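After this come two complexes, each holding subunit A, first together with subunit B and then together with subunit C.
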Partner chain A sequence: MGRNGTALTLTLDGERVAFRRGETIFEVAERHGKEIPTLCYDPRLEPFGGCRLCVVELEGARNPVASCTTKAEPGMVVRTRTASIEVQRRVLMEMVASENRDTDVDPLHGYASQEMATLLDRYDARTGRFDGALSGESRFDDDNPFIKRDYDNCISCYRCVRVCAEQEGDYAISIMNRGFDTKITTEFGGFLNDSACTFCGQCIQTCPTGALGDLKALANRDVPGETETTRTICPYCGVGCSVDVMTRGDQIVGVLPAMDGPANEGALCVKGQFAFDFVHHRERLSTPFVRDLESGKLRPASWDEALDRAATDLRRVVGKHGRESVYAVASGRAPHEAAYMLQRFIRAGLGTNHIDNCSRA
Partner chain B sequence: MSNPLADMDKPDVIFCIGTNMTECHPVAATRLKRALTRGAKMIVADPRRIGLADISDVYLPIRVGSDVSLLLAMAHVIARDGLLDDSFMEEHTTEGEGFLEHVARFTPEWASGICGVPAEDIEAAALLYGGADRAAIYYTVGITEHICGVDNVQSLCNLALMTGNLGREGTGVNPMRGQNNIQGAGDAGALPNNYPGFQSVTVPAHQEKFARAYGRPVDLEEGMTKVTALDLAGDRIRAMIIDGENTVVSDPDRQHCEHALKSLDCLVVIDIFMSETAEMADVVFPATAWAETDGVCTNTERRVQRLRAAVPPPGEARPDWWILSRLGERMGWEGFGFQSAREVFNELCSLSPIYAGLDWDRIARSEYQWPVPEPGHPGTPRLHEDGFINGRGIFKMLTYRDPEETVNEDYPIWLTTGRRLPAYHTRTQTGRSEGLDYLLSEERLEVHPDDIAGLGLQNGGWAELSSPRGCVHVKVRATTRSPRGTVFASFAFNDVPVNVLTGGGYDPVTQTAALKACPVALKPVAPPPALGQTGLGGALGRTAPP
Partner chain C sequence: MFGPPPRIALDFSHPKPRDGMPTPTNADLVARWKDEPAPLLPLLHALHERDGHLSEDALRDVSRQLRIPIADLFGIVTFYHHFSRDAGGAERPRVCTGPVCAMRGADVLVASLRAAGHDPQAMPCPGRCDQPVPVIQGDTVLTGRTAATLTSGPSPLPAPPPDGIEECVFAGIRTPGRATLDGYRSQGGYEALTRAVGEMTPDEVIGVVDRSGLAGRGGAGFPTGRKWRAVAEAPGEPRTIVCNADEGEPGCFKDRVLMDHDPHGLVEGMALAAYATGAVRGFIYLRYEYPETFDVLEGAIAEAVAAGLMGDGILGTGFSFDLMVRRGAGAYICGEETSLLNSLEGKHPFPRNRPPFPVTHGYDNLPTVVNNVETLASVPPILARGADWYQGLGRGGHAGTKVISLSGDIARPGNYEVPIGLPLRELLDDWAGGPLPGRCFQAVTMAGLSGGFLGARDLSVTLDEPSIRAKESFLGAGGIMVFDDSRNMIAVTRESMEFFAEESCGKCFPCRIGTQRLVERLDGKGPRDLDAWVDEVTDLSEVMKKTSACGLGQAAPLLTESLLRYFPDQVREFVAVRGPQQKG
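Moving on to the complex of A and B:
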């Protein structure tokens, strides 16, 4: 609403639409389904205005304006998709593509990795039109197991630099030089592990070209099947970050941060992003075990035998020492249903309150 | 947390104490960093120069276990300089007058003699916190894992009450919970003093409710805590069921724990791996893991969220609720015929007033923070917005107490323990995920360079760390993150089981162990004979588990 209580409006592709004070033209257009193309935009970051793809025609302005950095004003007349704007975008895409070696990017690289490829398709942009130069220098010598640093595919959108600074507050990634000579690098041009990098993976997830990629997910690129995602919550600390677990068949192939997760709003840490494969570790227990009465060693057993053994032993203890002699410790790692059933076992089964969880340790 | 995570970039002043948030709750810490970018100020109190200290405006390197003295002196300055929120105190608190009199004698100079922080820095912190419109406190187990853990928390509450920093955006007293569902384990009733939903087991109305729900008489007195149960193992406690906890590695005083579990007639363990604790069991049940289990968890801001299975479990692993339901049936009990996680969760909701407005379907989109007293209620992101449920906030008259064990001639150095970013707890998960070793492959004791020189240690060399309960060999790292006279190790690595040493004292109210303050002796030792072997079996007089 405006200061005098009337709605703020502008004209967007011939239609009068309302907006909120402080919104950019890009944000207003997004809300109205305009699909303005962009490569340097991440809704979580400060607008940057670097790629110029989001330019729109603004009546009264001499040149097209970047919609991501221009605040909406009452009475503006904006055209998002005129023929000349679309031509300009196509030329821009072809210039961007000239820097670029691969345009076919495996989605396992990261959350935003398809953005450039999608726009190249949309504008039918040819990659060989301009005689470009590669900006940046790939660091395949960086032996870190998480972040692929293939700067041959970098288009200098600075999203990785900005997400590291603005979202993470780590400032591990920096920029050298200008123009075609621009290099995304770390402080002193070294390995990520020698920088302030915490391997949260946010740079991977915001990269629109796959120049940065999730090495742990990419290691699973040959796992057969379509990639499916399942929304769940990270298994580590109590912040409760939402994640989308990527699976192919019965195998977890990677983790994506959930941009709409209320606790994390797209952020993750090294554990939530990369420490998922314990689930498939060969040491996972896949059968019950009971202690063999003769050898004194644990041996695999059927559910029937193990449940009977536990129930028999517990009944014997209760018979001999009373129901107060059984104690239960619930996990802070397992879901509610585990803790609830364990306290139910103790309270409904034995009638005592001899139950605790691991929070005192 | 009294306030939602979304409030973390809203305070004018942030006070972090006993929380190494950039390593233990990294995503929450990013919100604090954004608040600083916006212009908020930050006070950090921690014995170690942790990551947060580097970006703070006032850093208070307190001696381990001295928090109460610092917080009393901050209250003193706030009262002395009239930075009180009089109307909040008038409307929402009680015992305020007595409290202001009480803190009159606890000057910054007095506290400085105990906590080791210069009096002027205590003044600066108090003026910053007391002068803010919106000030928020964040803490973790650096506050609670002391013999005075409850006093520490109440001291923080006193500060918030006297300045009116509760019930508003960007304020609050906010514990950061350490495990994905440690809040939920309490919510679900896995506590000796509370039924589900924190309903006290000693209140007759609650007793009747659960006797009716469970169709049997219930005991009228509180159960014992795990600490007591371990003490009484082999005596009054003869059987234990432990679900998903590696007790012998994560709990204090490892030898005591192992002895306790060995002296049971029956130990049943439910876990996803053959942990050191499972190795000791009579029966081990294989549980489904994260990403294999449908269920519910609650995060640190009381947000109730759905866990969803994405892949099938290995072999015959089963969900914990299924295992316990079937075990209940084998015990011959009625009412254990549960067939789904949904059924279990919905029963929990039906018995817990703070979940009364929730059910399996309603929580699908992570929208609700409890309490949610009835269907249609929007949930409660911020507690105490309409005052306190129990009437008034009560000021507590606290005094400083020394830790149960303090440094002395035999054990002249403080050991404080904690966690590191790339490792989670005892590494049962992160230790089995590819790549994490690249960032952290071994435990190293963090020692100030001056102590390294003074004790004849070498950076990268080995040291023997001992307390009255045992000794541990560990590699040494020189770092000024540790103050002189205090060393730090995590309990992540089984071959450096620092919890062999801890266990000197518990909070009398909660029986939380004083894991953060343990006097130790430190001396150089030769490296173990073969690297990869721990050499600890010998040192401890027993064989390390395979």
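Moving on to the complex of A and C:
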């Protein structure tokens, strides 16, 4: 509503629509189901205005305007999809395709990794026109275990740099040189491990081309089967970040941050993002162990034997020292259900509050 | 008046000897600048000058003390051409390879420097098209054709105008001593300021400027009075006056002559702008390539402060204004006003998204006037002689004058202050002596390079925006480079497009990719089929023009568009000849 109580309206593709003060043309259009293409846009970040794909015709303006950076004003007449705008978008996409080594990447690269390929299809822009030098310079020499830095596929949208600064506050990466020689860099062009990077993986997840990739997930690219996602909560700490765990068959192949997670809105840390490979680790225990009473060494046991042993000894300890003598710590790597059961066991079973979790950070 | 210019041997030793002064430490230099306004660029210059490059150690200290993340600071440093990250980098001479110098033997000079044991680097136009070919090393600028004949000297004075032509900003510039406070005052200098602060309200000052019809002489042409009123009325303090003295447009060297020979004209103009808008601080953002000009401006400001014309309580009134000079570091885009503001603030010098405009969200996000040198220098004469006088200097209903920097294949290159509306042919033939002997004009550029070409058939325009815009070009900052019939227009276009590719900031896709692709196509790559080649160049040009985020990307394709418009035969021959030989 405007200050005098009347609704603010503009004309969007011939239809009069209401908007809220402060909204951009892009936000208004998106709310009304217009599919305006973007590559440098991430709704969590300040609008940047770099890719220019979101240009729309604004009556009275000499040139099309970037809808992501232009605030809606009362009385504007906006056209989001004219023939000439669509031609400009197609040429822009042909130009973008011409600077990269690959136009298609494995979706395991990250959450947004298919954005460019999807738009290339939508605009039928794999024409090979504007052939020329490739931009960017991959840093495969950076042997960190999490982030693939394949800048030959970078399109200089700077979403990685901006998410690092605006969302994470790390300022680990920045923009080096200018023009077609622009590169994404750390301080003095070094490795991520020697920079302020916390390996949260946010840069990977916002990259629209797969120039940045999730190395943990990509290690599973040969696991057979269709990728399914399951919404859950990261178990590592008390924040409660929503994640979409990717699985193929019975195997976890990667973790995606949930952009609509109420606690994290797409953010994750290094543990929630990358520390899932213990699940299928070859050294992970797959059967209970009990300590052999004669040799004092651990040996594999059946669940029945292990549970009997635990029950017997817990009962013995409580009988001798009282229920206050038992304290349980749940593992951050255990399922939430197990953590819940353990606290029920302590609280309801023993009647104490001696329960904790290793992730109580 | 200056006598023969001194001949100077190249002395590129580093660090420069300092007459017994101890070398300042990082901490000394940080302390010197930390609490000054806009400290980053002067601090980086001081460190760069001390060491001959910017070391990791120095940058880490700057990062900590100025609280700029180190990755950001590193990125910012790499943006500027001037800052070297390698030891000894500042010692490398840089040679102009711009379009005019390329025709005047830049390659010969590069070869002779190399033969003399130097490691010359190419440099975009440093604003000396009237003195080809310039070489810059650190703070030294020399000009000449071979390593052995390099000389230094101030900007050449403009030739006197033809009889009956009245000038505004050049009216007093040829008077000996004009650059000193006494010389300036002997011709009525600072009388406009005295009268304004003594007898006029700020609004009255704006009213005179408004009625004079003065508009932005840096090329954008926004009415100056309207801009000042917007700043005066915008909420937020302190307000700032920024003089855009970045003059990076190839073929433009008009602001240099104004500042070198009439610095007080600019200083007084800025004081008037400050009085009119209620600003208390000002910056002159001077392009790095004008080191002598930096000294001239600092000297003029010091004189003005000492005379009570600048600083606290100007002329005994309650009006105070501090003026500082900040030097750029070699980036054409920093002549774009929002990029300039980011550069001043120590940020990555990408242009900002507009709106909001600098009049409300300028330096430090506060109301700011950003005006070109020529615009500000026009104000004292306008206040002294009145709005009607200035209006009447133009022709054909256009107000005022425009300084044109004329260079290239023309008998008398140099700066000319012309009545707006003067026929271009009159300037070329009558004022500047016409083409070189035995030659005829093939094309001229407009707006430096940004307006692309006008072919010979369109030289009938008059020097005003409506006339030139009707030919799909614009007058802009007033640089005109002339190319006669001996020139290969494909080569000229390629060299010009290389400039824009080099200077593209990298923020928006159409400019970053488009300038590169156009250079490649002008360099013999791209489709071998003529129609496909023309289609690609046309599509790239159109998309750049329509969708680029700032003037650089919108203007660069005027080169290729005008090439296709005026010289289809040269294009056809170029594509046909290289076709079978080169890979598409």
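Just so we're on the same page, the second predicted complex is superposed on the first by the 279 of 361 C-alpha atoms of A that agree within 3 Å, B and C clash if a C-alpha of one lies under 4 Å from a C-alpha of the other, contacts with A are read in each partner's own complex, and residues count from 1 in each chain.
To be clear about the criterion, a residue touches a chain if its C-beta (ideal position, glycine included) is under 8 Å from a C-beta of that chain, and two chains touch if they have at least 3 such contacts.
Worth saying up front: this structure is predicted, and the values here are computed from it rather than measured.
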Subunit B versus subunit C as contact partner of A:193, first or second or both or neither: first
Subunit B versus subunit C as contact partner of A:155, first or second or both or neither: second
Superposed model, subunit A: greater residue contact from subunit B or subunit C: B
Contacts of A:326 with subunit B and subunit C, given as first, second, both or neither: first
Partner chain in contact with A:66 - subunit B first, subunit C second, else both or neither: second
First, second, both or neither for A:341, with subunit B first and subunit C second: first
A:98 touches, of subunit B and subunit C: first, second, both or neither? second
Contacts of A:182 with subunit B and subunit C, given as first, second, both or neither: second
Which superposed partner A:50 touches (first subunit B, second subunit C, both, neither): second
Partner chain in contact with A:237 - subunit B first, subunit C second, else both or neither: first
Residues of subunit C defined as touching subunit A within the complex: 56, 69-72, 74-76, 78-79, 331, 333, 348, 353, 355, 501-510, 512-517, 520, 525-526, 536, 539-540, 542-543, 545-549, 554, 584
Complex contact set, residues of subunit A against subunit C: 39, 47-53, 55, 63-64, 66, 69, 71, 84, 88, 91-92, 95-96, 98-99, 129-133, 135, 155-156, 165, 171-182, 185-189, 195-196
Touching residues (chain side subunit A, partner subunit B) in the complex: 143-146, 166-169, 193, 198-200, 215-216, 219, 228, 230-242, 245, 247, 250-252, 261-264, 267-272, 274-281, 283-291, 298, 303, 306-311, 313-318, 320-321, 324-349, 351-361
